[in-house]
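Look for chain A in each of the two complexes below; its partner is chain B in the first and chain C in the second.
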Partner chain A sequence: MATVTNRADYWEKARESGFDLSWLEQLKENIQGETTNEFSENNTGRVEGSIPRGNVPQFGAYTFRTKKDIWAHNLTKLYQEFVTRQWSSATDIPWETIEPLPDDIEAAECQLATFFAQVEFVASDVPGRFISTMSPDYHEVRLVLLAQVMDESRHLDVFRKRALANGGGLMRMIDTVSDVVGGSTDNAREFTELSSRLHITGEGNVLTLFRLGELMAYNEAEKAIYRRCAQDEARHVAIGVLHLRYMNECNPERREEIHSYLDEGESRQSSGAGGENPAARNVLTSEALAVLLGGGKDKTDEGQKILMAIRQRQTKEYFQRLKSAGFDDRITNGRVNPALLEVYNPN
Partner chain B sequence: MSTPETPEENPSAGQEPESTETESQDSSPERLTWMHDTLEWGVKARPGKHGLTMRDINVGIYGDVPEESRDMSRKPRGAFPVPGVPRTDLYTLNHKVELWADNAVDLYEEAIQRRWMAHIDIPWETLGGSIGDTLEPLPEEVELATRQFCTELAQQASIETDVIGQWLHHMNYAYHEVKTFLATELFDSGRHYSAFRQRALANGGRLGLESPGHINRRLLESRAGWTETALYLYVLRGTLTLLLYRYGEAYSHNPAEKQLFRRCMQDKARHMAYGMAHLKYAIDEKGPDYALGLRRLMGGVERDLAAEMKDPVLWEALAIYIAGSVDHMAEGMAEVKNLQRRYMEEYLTRMKWIGVDKTADNLDQGLAVYLGQRESSPA
Partner chain C sequence: MASSTSGALVFPSLKWFQAIQELVNNDPEFRRLGSIDATMGVKIGPKVFVVTFEAFECSNIREGTEFDLIDLDFFLEMTEEKWNDLIRNTKENGGADLSHTLNTLDLMAEDGLSQNATGDQLRADIFFRVNQSLQHFFDSSAKLNTVFPAEA
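Now for the complex of A and B:
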């Protein structure tokens, strides 16, 4: 190996040959910190910790440049889990186990699959839009969001495959826009608002349903779909819980604002407005679920009983998320939507 | 399922629900009428030797890709429409010609089949230099050069993330094959960013200088259309990125770097396959006037690229990486010049293949000089 002295000679010789090498000195002296800055000065798309140049235009113009607006702890670990648990809808689902089903059951499966094929990509487009507005200094947030986009694409794909794999077809589209009071997931321009609505409420409800997939699956393929999707969805919900937990700890002045997002989310969860909660009352998908859970179109009474229990489970898990994030005071102080309390404790 | 830092570690999946209290049946007068709401029934897509792929389910009406979609909801292609559904968004890419490539559907599945994990599939322990490691660490200047090289590649990946992120949600749902493929590219770009950053920071290292930014700026500020952006992202930037990966692999100093570049090369080749197919399709469909417009568009961009290529940082770092020392840097630079020449040659070849009349004669003079560079090369 070269000694320090003859290395210096090499460098000098290289400079004499016309090489610049000033960047080598800059690298040796780089003292860019490893702690994430509270405010990001990075508007040039540079990698966090790299050495800025003074002459680069500020073309990044990122909307989100403040850590406390988007941050959460433990995201690196969560991202690694995203990467590790990727799966293939083509080869990891035992499609060969699907057998012909009665028409009413197949129609209900296809209706539910149509719903998921439609709404799952909401959770793809919207986080995707946010990624490019966040400073690369907060790359941990960007990474989990882009991993979520990947997951949601696979969900769109796997449910479309289910609808077209067993003698059925796609069915009626879902109206996800009508009757939404307040802000919608699509229209959110602020990350905490988006995350409260998308991760905590919307995906939380879907997660409960995926976890109970055994109840509505009629073969191993469907069980595998719900099981895999539940794993994915739990990570998406985790993004929201970790973010709200951070906000509660580090940004308590925004608690009231966050509660207002939860107010809106609960209203939609209980009323079914916007069609995002497939198990909500009197929505198209809850009928399909009742058919699947009951075992046929003539057994929807039994299905509705199970569906009611599913709503209770959704509420319990939602309350658990609130507790984990530090927003469970609303459960006891009278702020939580009364309809949810009624579902939670029907007696 | 293990998401230890979440409150979701008690899923109880498959349990019977706790409550069995009854609820009155839905009272909607249209109860169960949806059971007949389908445009095509009886579809039974069969898995092939690669499982049940997205191409396998493109059967009947579900495989009909419209030339234009004015649907502003997220209606899945082929789903039963509901009258009077309000718009969800104002999608701006509503024509097949603006984003389509026939191979996107297969590339989506390939991306998933060829997924890899930087923290597991790269033998990081072969980098050397860690405590108790018997492997020799790289000479300081080679290590610094590698960090600079990887900083540049991490930034290229991060910009790719931004570019796709800002276009994906503008794409109409009728073209879900493209949207899902681009989601895989987004995921790949995150992995590349993370892996190259990890390499740069290995053994307690620090990152290098940021990119000069001329082409990054072009990529992020491109607003004329996805096709125009794709021209920048794939033909202009992607051609260089792929070459850098190739040279990175050819001159790697240890199995970790070799594996890293090899994996990234596979991914980037897939991205290029979509980009090239889309550009060719768009130009074939839109005709020579559009192709001429793209050629003229590249005039200013090429001047920016020529300015960026004069910046010595990446090239000198690569020269040291290739040569394995500053002492032999001149030999490394000879190989860098070959890379630069190949970059311009491949740029012209790709432009010609997609249907743009870009030749050495109308290439920016600042770039044309690289075409004359020819050095004896072991690569």
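Now for the complex of A and C:
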């Protein structure tokens, strides 16, 4: 049962600290019986810690009722970051700064915006399916996924608006229909599978692309879009690193399975198979990127040079995330995709 | 607040960073960008400053040493010359121009601008997660009368 043990102390301390984030730690300290069970018997939608009653149908029938399949440490703190760093495509983007652009630039911008709108739809749609399949006893995981869905919805919205804002419109959909930059996200039927593909491979790659955004933006509105989206995307990556770190520590028997998801993601990341990694070579969106980075259809060579540097950055950050999560053995034991190693160490 | 003549603040110095701290802690726009929980190092040549953010404020600034870097979430490292260029550019433009944003500097530098001393990308990624707040922090220096050691 969850009960605030000493209400007076709790509020007094919270006021003294100005309701900063230490307030959340106090909240935890003041709850009796706050434990996260390894297995959840809760099939009734009962809020974690509340008093059960017997006359409730088992309507939840949750697929995920085992902590070690979905858990990660420190998600409460990450969720607070999600909440305080929300923004609005209506009020935080200076849309008035968009002016007519040359046709080749506008077309490339719209192709990329179409691409981002599509992958962000997938990145919202797929984790959204998982939320209601998790026991409410693991509400921290549900909360960060709900917050991610909100972020991705905003990204879908803001890139759609950009495509429509300046006369270009939505362009051709990308070759894949269900994946996010290196990860076959929609095939995931299990949370760790989803997180490996979506958060680590997919969103890690998209984060680098969003960071690149301010270099290929042609007005303050586009800069603001990419800068804001990059912050959001980095939170999504953190979900995955925290989850894989937990899996490595508490569920090592699944390491080989996780490595197999990474095998697949790396292959698609490096080859561009599926057409979802604009930083890969010779895909529709990489042409758009080269036009935007170079400054026109006749200057794509310059754009391709920058893209090479970006591919290297994508790979470096991916390798370091593997290290943070405890899966960097693949870098040294020959398992990592050789094309990524080549990008990482071109000489 | 001044550590030079006529109210000017020398960069880099503890007083310069404390002036930024005061500016952002009284700036509603900084708060509106969202919470930050991070310890950031700023390495300017051999000098190190440790900046702590808690919730919606910059809670502490102190001088540090290279030994501090291993405990920080991330640190930003450039030569003193490049830092001076960044601060000058920020002053001239009322905020860093495109080639001087923290994000662009990080993307364009061969080894990046920001790093975690132990190679922990989860902590290094905080630089990306709160990047616009960090940019606002440094952009606020445009409001200061900054001088550099040779001019002080």
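Everything below uses one rule, namely that the second predicted complex is superposed on the first by the 308 of 347 C-alpha atoms of A that agree within 3 Å, B and C clash if a C-alpha of one lies under 4 Å from a C-alpha of the other, contacts with A are read in each partner's own complex, and residues count from 1 in each chain.
The criterion applied here is as follows: contacts are C-beta pairs under 8 Å (C-beta built on N, C-alpha and C of every residue); 3 or more make two chains touch, one makes a residue touch a chain.
Remember, predicted model here, so these are calculated numbers, not experimental data.
Trainee: Identify the partner contact of A:Gln320: answer first if only chain B is touched, second if only chain C is, both if each is, neither if none is.
Mentor: Both partners.
Trainee: Where does A:Gly169 make contact in the superposed view: on chain B (first), on chain C (second), on both, or on neither?
Mentor: first
Trainee: State whether A:Leu143 touches chain B only (first), chain C only (second), both chains, or neither.
Mentor: first
Trainee: After lining up the shared chain so the two structures overlap, which partner does A:Val241 touch, if you call chain B first and chain C second: first, second, both or neither?
Mentor: A:Val241 contacts both chain B and chain C.
Trainee: Which of the two, chain B or chain C, is in touch with more residues of chain A?
Mentor: The partner with more contacted residues on chain A is B.
Trainee: Do chain B and chain C land on any of the same chain A residues, and which?
Mentor: 20-21, 77, 80-81, 84, 86, 207, 211-212, 214-215, 227, 230-231, 234-235, 237-238, 241-242, 309-310, 313, 317, 320-321, 323-325
Trainee: Quick one: which bits of chain A touch chain C in the complex? Just the residue numbers, please.
Mentor: Checking each residue of chain A against chain C gives 18, 20-21, 77, 80-81, 84-86, 207, 211-212, 214-215, 223, 227-228, 230-231, 233-235, 237-238, 241-242, 245, 309-310, 313, 317, 320-321, 323-325.
Trainee: Going by the contact rule set out above, which residues of chain C touch chain A in the complex?
Mentor: 33-35, 37, 54-57, 98, 101, 103-104, 106-108, 112, 119-126, 128-132
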